[in-house]
Amino acid sequence: MRIVNGIAQNYFYFASMVIFLIGFHTMLTHSNLIKKILGMNIMETAVFLFVVSIGYVRGRAAPVVGGEAQQFVNPLPSALILTGLVVGVSLTAFALALIIKVYQYYGTVDADEIMQIRSEER
Amino acid sequence: MDMIELFHVMLLSFLIVCALAVAHLRDLLSAVIVFAAYSLIMAIVWQQLNAPDIAMTEAAMGAGITTLLFMVTISKTRRREQ
Amino acid sequence: MDDVVLQTVTLMLLPFIQTYGIYIMVNGHLTPGGGFAGGAVLGISLILYALTFHVDEAAKVYPRRKAEALESLGALVFIFIGLLGVLGGAAFLTNNTSFLSGQAGTLLGGGFILPVTVAVGLKVASTVVTLFFHLLEEEKR
Amino acid sequence: MRRMLATAIIILLGVLLAAAVSEMPPFAAPSNPADNQVNERYLGQVVQEVGVLNVISGIITDYRAFDTLGEAAVLFAGIAAVLAVLETHNLDTYRKDRGKNG
Amino acid sequence: MTHVPVFVIISCLGLAFALPVLCRFRPRPAGWLVRALLMLNTALVARVLLFVNHQGTFYYHLGSWPPPWGIELSIDYLGLFTALVVHGVSLAVVFYAQTDLAGEVDPRMHHWYYTLFLLLLASMTGICFSGDFFNIFVFVEIATIGACGIIALKRHPDCVEASLKYLILSTLGSGLILLSLAILYMVTGHLNLRYIAQHMPTAWAAYPLNVNISLALLVVGFGVKAALFPLHIWLPDAHSSAPAPSSAILSGVLVKIYAVALIRLIHTVYGHKLHQMIPVTQVLLLLATLAIFAGSLFAIGQRDIKRMLAYSTVAQMGYIFLGVALLTENAVVGGVTHIFNHALMKSMLFMAAGAVVYQKGFRRISDFHGLGREMPITMAVFGIGALSMVGIPGFNGFISKVYLAIGALDAGRPVYVAVILISSLLNAAYYLPIVTRAFFNQETGPATFRVDRLPLSMKATLVILGGLCIYFGLVPGSLLRLVQKAVQSLLAT
């Protein structure tokens, strides 16, 4: 019961963990490489959601000073995630470039088929 | 539970449903489009969490550029997952 | 691709998108936004142009060599500005708030923040454009 | 087989993370450990110390500017890797070289 | 002097940013610029090491912001020692790469190769110095892209595939590291390592499960990147298909940098709480033992020389983790010394294998008959590396194994002494046949020659590294004093 209460209270954290696991599962089980990269993106954004929700405080304003608001949410997680987002985009771009090249060499983007082709070549 | 929390829970369930859909769609192009929707909802969630900077960046980077890159890749490779 | 309506609408939209991108970038330290978001919007505007007209047309407007040079330049400017702190006798990346001699909380008020944001924004814009163009031009086999 | 293993790992991780979530500091409460002197200074002093209104911008370009330099380097590494890979494995030259070597 | 560490990082970054523009039309000067910069930086790092030895650890506040607000570099013994290893091996690799690279990477791509190499180098140095968890994460990401890039730059289908596999798995690892970072930030409210450690007791009292899970995620996340045993599946492909200089740097240094980062994080952040989290160290010990045996057994079954060396790396990472998980001072000294020794040996072995590929064009172990007569210097250096790997007294691999064994006895676990002895025999089972086959077999292998003679730059690099192996085997005193200081300052926190 205590656990259920804790989860209900931290529903944002719980949702981000669920999404994280969905992305993780997609990455582990699907053999299609593009699907793997999609899973990787979902996993990363889930972690980002988790970090951003750490910084949120109920009833406080966005961290832009100068208006009427006196109390602000924690700005540090947002600043970190801004970095994380860009990192994610560069990783995705590089992975996709490699996938295009894999397709040109092997004629497939399926990890299992590639493994088969390589074992036949040997 | 007040209105705003209900709204948050709705958004979060949307996110989970979108993530599941991305995992289960066999058509990669549809999966990428659902992923774009996922990114946009994520941007709205971040707006709701009072983090407008990253909401903006996610809307431009995640929903815009990542989706475009995925689409280009799919157009160069195969569209369906076996 | 050669749809006149699409092309006209794109041409009408482009200035607004680009103005918005530059606004986000330059005003990043006063309102939500910043180099990364603004740069991405700027980059997307060029991608839109490339999609409605043709990649070659876009390459004429924004040559690839220039884009690649700008990527290096943006990052180098960042390092150079950081080194100014060392020259001033402090640590690397130390901000000198009187660098642009503006009032705190105004456009020029953040010391080296405005130049850094613009450098990063331009770098992001050209990175996005280069990435997209190069991936698009891969032949299909 | 691999699916079963992956599902087992996910379920294990899920149970652990759910237990962790129930133990985490309450969401959106003002007195969390993360709400400490660090962001007090960021929020309270940013106008005097840095001269900007957007606190996040102040953090990424001044307080933690080295991270942003690293981020620019990540972006640069990404684009350099993409360009180099696409150019190295250019199919036209690949076919040409293959034809040369028989 | 205080600016030097940050200068080392940003000069690498700056040259990396400038190279694609500078060398767009003439890629040739790129190599010389990199070599010059590396020589300067190696000298600077060595100078800072002397300075720290004299003055003690110092901290550098980037942007002049004091720690909990800004990012700080903590320049301590362990970081400097690792940075010196990184720079030394990189220096050898770039001199070796001067001629070898032309055989494996398209000459028009050399400046891209050096760009990615420099980014990798800068990030490795950054990981060594940084005292901020998120900063470490950013550098880890740069290192990921750089490492995958320098694998994929050889025009061969296997390289692209290996690079992609590596990229996907290390992104998985980074995701776990970021999650661990987030949980730590949530329960302590800090990102600076020293401040996290300071707030750890209260966090441990209030949220024990979260602290434990963050440690587990950290170990798994860095474990993927450092090729800890069941998570090593990317390593054989990536390290064997890459160009020889990349293999040397990836296998010789990069995996160890992640191990060092893990050691530093575990010891500074969790510190004395680690003894209350016995399961984690127990699991680590078990995995390390499995890694030592499984890596060696897999290596015995390989027919390709570079694949065999890659599996051997898995086994040797097991030694390092064994030393770390035993938690006694001598064991950690053994582990950290092994980081140095293995970096030296493995990069040398990969370069020797690369030299064989460069001159003869084959890499199957069965073709090595009588190679000792055709390439005496290369195979002699290979023999030194092999003997050192086995742990023959007089070579540097022996020293670290002795310290590991003493550490195991200190910890009251003599069973690990047996592990070390048996694994040495296993090492002998796959390294020594190559050497005997090359020198004492009367048959001759395939008489193919791609080039008549090995270039001087390759020979000289190999000979110098081989000499260093023997030197540190015979006169390990200065090295050990340094490592002991590093370990003492690490364990004291």
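Per-chain residue numbering starts at 1, and chain names A, B, C, D and E are given in the order in which the chains are listed.
Assume a contact is a pair of C-beta atoms (placed from the backbone, for glycine too) under 8 Å apart; a residue touches a chain by one contact, two chains touch by 3 or more.
All values derive from a computational prediction rather than experimental measurement.
The minimum number of touch steps separating chain B from chain E is 2.
Any chain bridging chain A and chain D, meaning touching each of them, is among B, C, E; the list is complete. Taking the mean of all protein Cα atoms as the centre, the chain whose own Cα mean lies nearest is D. Distance from the centre of chain B peaks at E, each centre being the average of the chain's Cα atoms. Counting C-beta pairs in contact across C-E and across B-D gives the higher total for C-E.
In terms of the distance between Cα centroids, chain A is separated most widely from E. Spacing of chain C relative to chain D, judged by their CA centroids, is 20 angstrom. In whole angstrom, the spacing between the mean C-alpha positions of chain B and chain C is 24.
For this pair, chain A with chain E, the centres built from the Cα atoms lie 28 Å apart. Residues of chain B in contact with two or more other chains: 51-53, 57, 61, 65, 69, 72-73, 76. Each of residues 17, 19, 23-24, 32, 34-35, 38, 42, 47, 53-54, 56-57, 60, 62, 64-71, 73-79, 81-83, 85-86, 89, 91 in chain D touches at least two other chains. Residues of chain E found to touch two or more other chains are 10, 13, 17, 20, 62-63, 134, 138, 141, 145, 148-149, 152, 160, 163, 185-186.
Inter-chain contacts, as defined above, occur between A-B, A-C, A-D, A-E, B-C, B-D, C-D, C-E, D-E.
Taken together, the chain D residues at the contact with chain B in this complex read 54, 56-57. In the complex of the two chains, the chain C residues touching chain D come out as 28-35, 68, 71-72, 74-75, 78-79, 82, 92-93, 95, 97, 102-105, 109-113, 116-117, 120, 123-124, 127, 130-131, 134-135, 138-139, 141.
Residue ranges on chain D touching chain E, taken from their complex, read 16-17, 19-20, 23-25, 32-38, 41-42, 62-67, 69-71, 73-74, 76-78, 80-81, 83-85, 87-89, 94, 97. The touching residues of chain E, counted against chain A in their complex, run 134, 138, 141, 144-145, 148-149, 152, 157-158, 160-161, 163-164, 167-168, 171-172, 175, 178-179, 182, 185-186, 191. Chain A meets chain B in the complex at residues 11-12, 15, 18-19, 22-23, 25-26, 30, 32, 34-35, 37-39, 41-42, 45-46, 48-49, 52-53, 55-56, 60-64, 72-73, 77-78, 81-82, 85-86, 88-89, 92-93, 96, 99-100, 103, 108-110, 113.
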